[in-house]
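Structures follow.
One chain, chain A, appears in both complexes that follow, with chain B as partner in the first and chain C in the second.
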Partner chain A sequence: MNSSRDWTVPGLTIGLIAAIILGMLVPDWVLSVITISFARALAVIGLLVLWRAGLVSFGHALYYGLGAYTVALLGKYWGVHDVMLLIPAALIVSTVCGFLLGFILRKYREIFFAMLSLAFSMILYGILVKTESLGSTDGFNVGAPTFFGFKFEDVQDNKIAFFSFLCVLGYIAALLVHYYLRSTLGHLTTAIRDNEIRVEYLGYSVAKAIHIKYTMSAALAGVAGACLALTLSQVDPDSMVNWTASGELVFVTILSGTGNVAAPFIGSMIFDLLRTYAFEWAPHAWQLIVGAFLLLIIFFLPGGVWSVIARIFGARRKL
Partner chain B sequence: MFHIPNIRTLAAASFSAAILATGISAPAHAKDAIKIAVPAFLSGAAAGPFGVPARNGAEMVIDAINAGKLPEPYSAAGFAGAKAEAIFIDEAGGNAKQVPEYRNLVQKRDVDVIAGYISSGTCAALAPVIEELQRLTIFSTCGTPRIFEEAPRKYIFRSMAHATADSVAAAHYVRTMFPDSHSYTGINQNYAWGQDSWRDFDLTMQQLDSEAKPSEKTQFPKIFAGQYGSEISAMSLDKAEMVHSSFWGGDLESFISQANIRGLFKKKKAILTVGGTAAYRLGKKLPDGIILGARGPYGILVRDRDTALNTWFVTTYKDRYGTYPSGPSYQYAQAILTAKYGYDKAMKDNGGNFPDQDQVIAAIKGAKFESFSTTVDFALADGHQAITENVYGITKYDSENGEPGVTDVKFFPAECVMPPDGETSVEWIKGGMKGAKCN
Partner chain C sequence: MDFNTALTILIDGLEFSSYLFIVSVGLTLVFGVMKILNVAHANFYAWGAYMAAWLIGRWTNMGFSEGSTFLMIAVATIVVGLVLGYLVERCVLRYMYERDEVVTVLATFALFLILEDAILLIFGVDPYFADQPMFALGSIDIGGITRTVYGLTMIAVAIVVGIGLWLLLTKTTWGRLLIAVIHDREMSISMGINVKRVYIVTFILGAMLGALGGAYVAPTISVAPGFAVDVVVLSFAVVAIGGMGSIPGAIIGALIVGIARAIAVHNFPQVELFVVFAVMAIVLVFKPEGLFAPERSRKI
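Entry: the complex of A and B
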């Protein structure tokens, strides 16, 4: 049904190779910024899927936090530092939690969905803040990751290796979501947003479709949180579980645009670079700059940063 | 573990070496200028009571050092002669923001010294990053004892005593001033700082007073709650004679005004361990008779200390910013002065040549010098953790001059309120505070 050619898969593949090569060449501070961006982008892909179905979650920091704390606690109490164990563990925890909460959340739409997801995330926040053994508001440190039991001697090499690993992870996630969105179930995404009753009459369960999407986004956010914890070497409730973290994910989703699974990576990177420079130029008013930027995007680029890229490459917008 | 060649080297061989060069910063020698980054809360709830006074204190002292206007013995201009450019950054935004920002300061903006940080959580999060990036960092204000208890640090210094001192000194103060009061309750924010403060205070009271009677109904409202009506009512009904609180910032100010209306301060003696930051902000609204601390000998408690350095600090600050300096102003100024002391001493040790970072670190390590309001002694954690005396007083509004003041000010020596080297705070207090020298 796609008459114009879809460049997503070759584009992502080129992007993957370019990112890994660039990761080895850029200055250290850029690498640290991009690693954080790409980790966040994983969660934003999940929000993109929900967004296309007309759902905005203000509580995905719940899974972000679950993933991050799973990694941190495994490292702290069981001495597990290998990404091949940590990432699947975070994936399982967040998927199970997302699947269970999905039974409740799939019944709600619009503001009720947003607020309910927010409420669930704030429960985890409350628990973490009040529990001293989980580090309370201070959180705690996470050790450097190993890869298949192997660790680079040079600290910076280990960071490059982790970034490359994250790139591969992001590539796989983006591809899977891309193929999902092109499947029959995936095509239901926008249909649900447009008219749920019609979808039901077509013989599909809207609740089930939303449940799957929600679980998927939870899994992605969990992996994102795990990667973020490993990047920052630190977990704490305020920057990973609080509603501000959820808000940041929504912010980046709007900034990126939901036109393509590659958009979150670009949008997230722009967001971090913008914030880094705003922080440097205007230490007293950086929030103002970041906020104004989002307003400009909403006014002039309702399709997000992706719409510019789509226009440049003449690709047909999917939305 | 087998050896793997550096990825960078491989990359350089495979790709253009020219691009790689951008990643390497040029080494600098014989500087006539250094960069000092000063992180403090410039936005959010902690900006008013902490961040802005802190920033002002640092700014004023950096300017004075550049111009050579500090009183003796710091009148030599510059840091080892180099003028400092101050870079102020916002500490708000959580640790996920502060960790990459710290990297930016070192790797992108190439600052020489980082002096500041208020949040304990941020300091704890940054500690391993600082050791990784190996840049001299002086924590000015953050209180958690964890920093040096978790691991030895080479590049981190803390120029003030940690939070244990505040709680231990508070207990000593009430034992000295009110030997007949034995029962106490507490209202503390339900997060690391509040929980630690209450625990240290409670443990110390039980050590110092054989008849100590902690309340069973201590209050732990959540941070930034803003409304404390029910907690205040519950505490009013409690039989305890004293109320301990480590509230700070907006929470502290709301608590004081709400408790005042409900008459809590008339029924009980309140101990506000960080009340000093609110004193000037509340002015006349701060009731008399409150036991006040300022996380050490800073702010309102030492306003009248008659030393050349303190007089200069108070008058210059008042002239420039229109208000008296509060605790954070002193603490940040002290961190900057630590850098100045380190640079100057390292230059002297280096035969008058500009010192490198290792020499500055060696100079600060274990140093003991006069700061604006007190003596700073880097006595703990292998010379990286400073100890200072601690002080408490009782509020009394000075209606003659129309400004808040304190009476019954009592100082406790550093050795009395800080654990000795190698012992964690809780172990030390529980073990009866062995080795404490209080007189």
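Entry: the complex of A and C
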């Protein structure tokens, strides 16, 4: 199995250092775009795990939204602005919610899994758009984050600090998921996709394995949402909780490819660059460009961007 | 709750259910036959609405009477269904039949994004108003409340569509072929049914039903960008509640969603969307495949 060395861990470490250095050098707008990309990538890692098990959730915006609104509400009503409190809070809220819904969702597969997760996310959306105290359709603003009670005077410095924090967070998340996928339970992921009944015959509980994966992906999406809220300095239901946001996450998953935990970071950046340039070039037709790009990926690059990278470096697909 | 409110809720609910049924039955038909959950179905709805609104505007400008604008609704339905349905099936979906179901969903999501913006490019960003058909029919008094006749004809159209489909599926050869394909695609191929042709015809029929829903609703609303986004998930809710691929399911699903929404709108407007998806979640939790799901053979 491990005939060629696994370069994931050193690769991620180099990527982390490079990203942090790059974050200090690039212009303002590029930094914002990359920060958004990396925040989304966290959620995409979770979807990657589900995808490998053959499950596609059309409702992960639920946890995105939960994470984002947890951060926003803590800031608005309790004046909490420190990332060391906000991120764990978002993590706990989304994990608990994912764990509870997991009991129901673990029985579902294929299109039914997609539909039920869509229903759950739309329930949250339905509540948010009609509740005035939660900002209704406009949402509300989120203050700039502090770090261990410390805050940079310069706004730009604070953004760089948050980006570095996000990079470290992404690094830890990617490593944890990477080691998880190499564990026995992780190896079950692709086995479930291939043949569930045989996995049961081997003596493992498919339902339990899916439950764990689902909870994991919920936790990751929650943290992603929290980071996104802190990056954009605002939350609103249409761009974070509506079904189109879930669709976007699935889109980035297939664009990235599910070959490696590093893929979501690259795929997410490509997605944001594409969107930014498409929007600048054709403000009324950027969705058209993005959609056409997605179709091209589905047709000609079913393994996503990662399959290209894997081919270039000649690396065998891990796991 | 007095009688008048109850009646209003009932009629509102029925009207809403009617157009939801027309749109969703197209979606469920396509899923039943082709096993494709078509996110782009809402685009047929949107295109139907835009096309109808535009045609009605041109038609009245050319000096024809208000009553004859109904013809334009039919024209919009057929043109959008035929052209767009044919293009989508031939250019994209036919390459997806061998792919994973979920990848196909994603491909239709891509189509949704493309067709959504194509509307803006062709019809512009300004809203369209085309209420001539509504004025042509005037309004009527039912048990003390005034309703537009146009809204009520929507219920009639839904009933006609329902009966028409039932006759088509049970009384014609083509309908029986369709049912055979729904039950077992491989067996149908081996029996000599041209499944590819069945697919194209079904998809165009589904697209026409989506377009009809939009074209018929167009006179009652302002046709503006982005109005189809909600219809995607509402019709998803309908087919998920009723059972994907089931036509009786689409009727029941549309009635449940339509009336639940009407009750919510009149009594607790703040839970309008919430109610629809809460019902959907509850149904799916207890009946994962929906209320009237066609039986699926278990393959190991």
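Just so it is clear, the second predicted complex is superposed on the first by the 316 of 319 C-alpha atoms of A that agree within 3 Å, B and C clash if a C-alpha of one lies under 4 Å from a C-alpha of the other, contacts with A are read in each partner's own complex, and residues count from 1 in each chain.
One rule holds in what follows: a contact is a pair of C-beta atoms (placed from the backbone, for glycine too) under 8 Å apart; a residue touches a chain by one contact, two chains touch by 3 or more.
Remember, it's a predicted structure, so these values are computed and weren't measured experimentally.
In this superposed model built on chain A, chain B and chain C take up the same space, so to speak, and clash. Look at A:Leu295: by the touch rule set out above, it reaches chain C but stays clear of chain B.
In the superposition on chain A, A:Thr244 makes contact with both chain B and chain C.
By the touch criterion defined above, A:Ala89 reaches neither chain B nor chain C.
Judged by the touch definition given at the top, the superposed model places A:Ile36 against chain B, while chain C stays out of reach.
Look at A:Glu280: by the touch rule set out above, it reaches chain B but stays clear of chain C. Look at A:Ile197: by the touch rule set out above, it reaches chain C but stays clear of chain B. Of the two partner chains, neither chain B nor chain C is touched by A:Leu66. When the two complexes are overlaid on their common chain A, residue A:Val56 makes contact with chain C while staying clear of chain B. In the superposition on chain A, A:Leu230 makes contact with neither chain B nor chain C. The residues of chain A shared by its contacts with chain B and with chain C are 126, 129-130, 242, 244, 284, 286-287. Interface residues of chain B, counted against chain A in their complex, comprise 1, 3-4, 6-8, 10-11, 15, 19-20, 22-23, 42-43, 88-90, 93-97, 99-101, 103-104, 106-109, 120-121, 124-125, 127-129, 132, 144, 146, 150, 190-193, 195, 220, 222-223. Of all the residues in chain A, the ones that touch chain C in their complex are 56, 58, 104, 107-108, 110-112, 114-116, 118-120, 122-123, 125-127, 129-131, 197, 242-244, 247, 250-251, 254, 284-288, 290-292, 294-295, 298-299, 302. On the side of chain C, the complex with chain A involves touching residues 37, 39, 92, 95, 99, 101-103, 105-107, 109-114, 116-118, 120-121, 125, 229, 232-233, 236-237, 240, 244, 269-278, 280-281, 284-285, 288-289, 300.
Those residues of chain A that touch chain B in the shared complex are 21, 24-29, 32-33, 36, 126, 129-130, 132, 135-141, 150-157, 160-161, 228, 232-234, 236, 238-240, 242, 244-245, 272, 275-276, 279-280, 283-284, 286-287.
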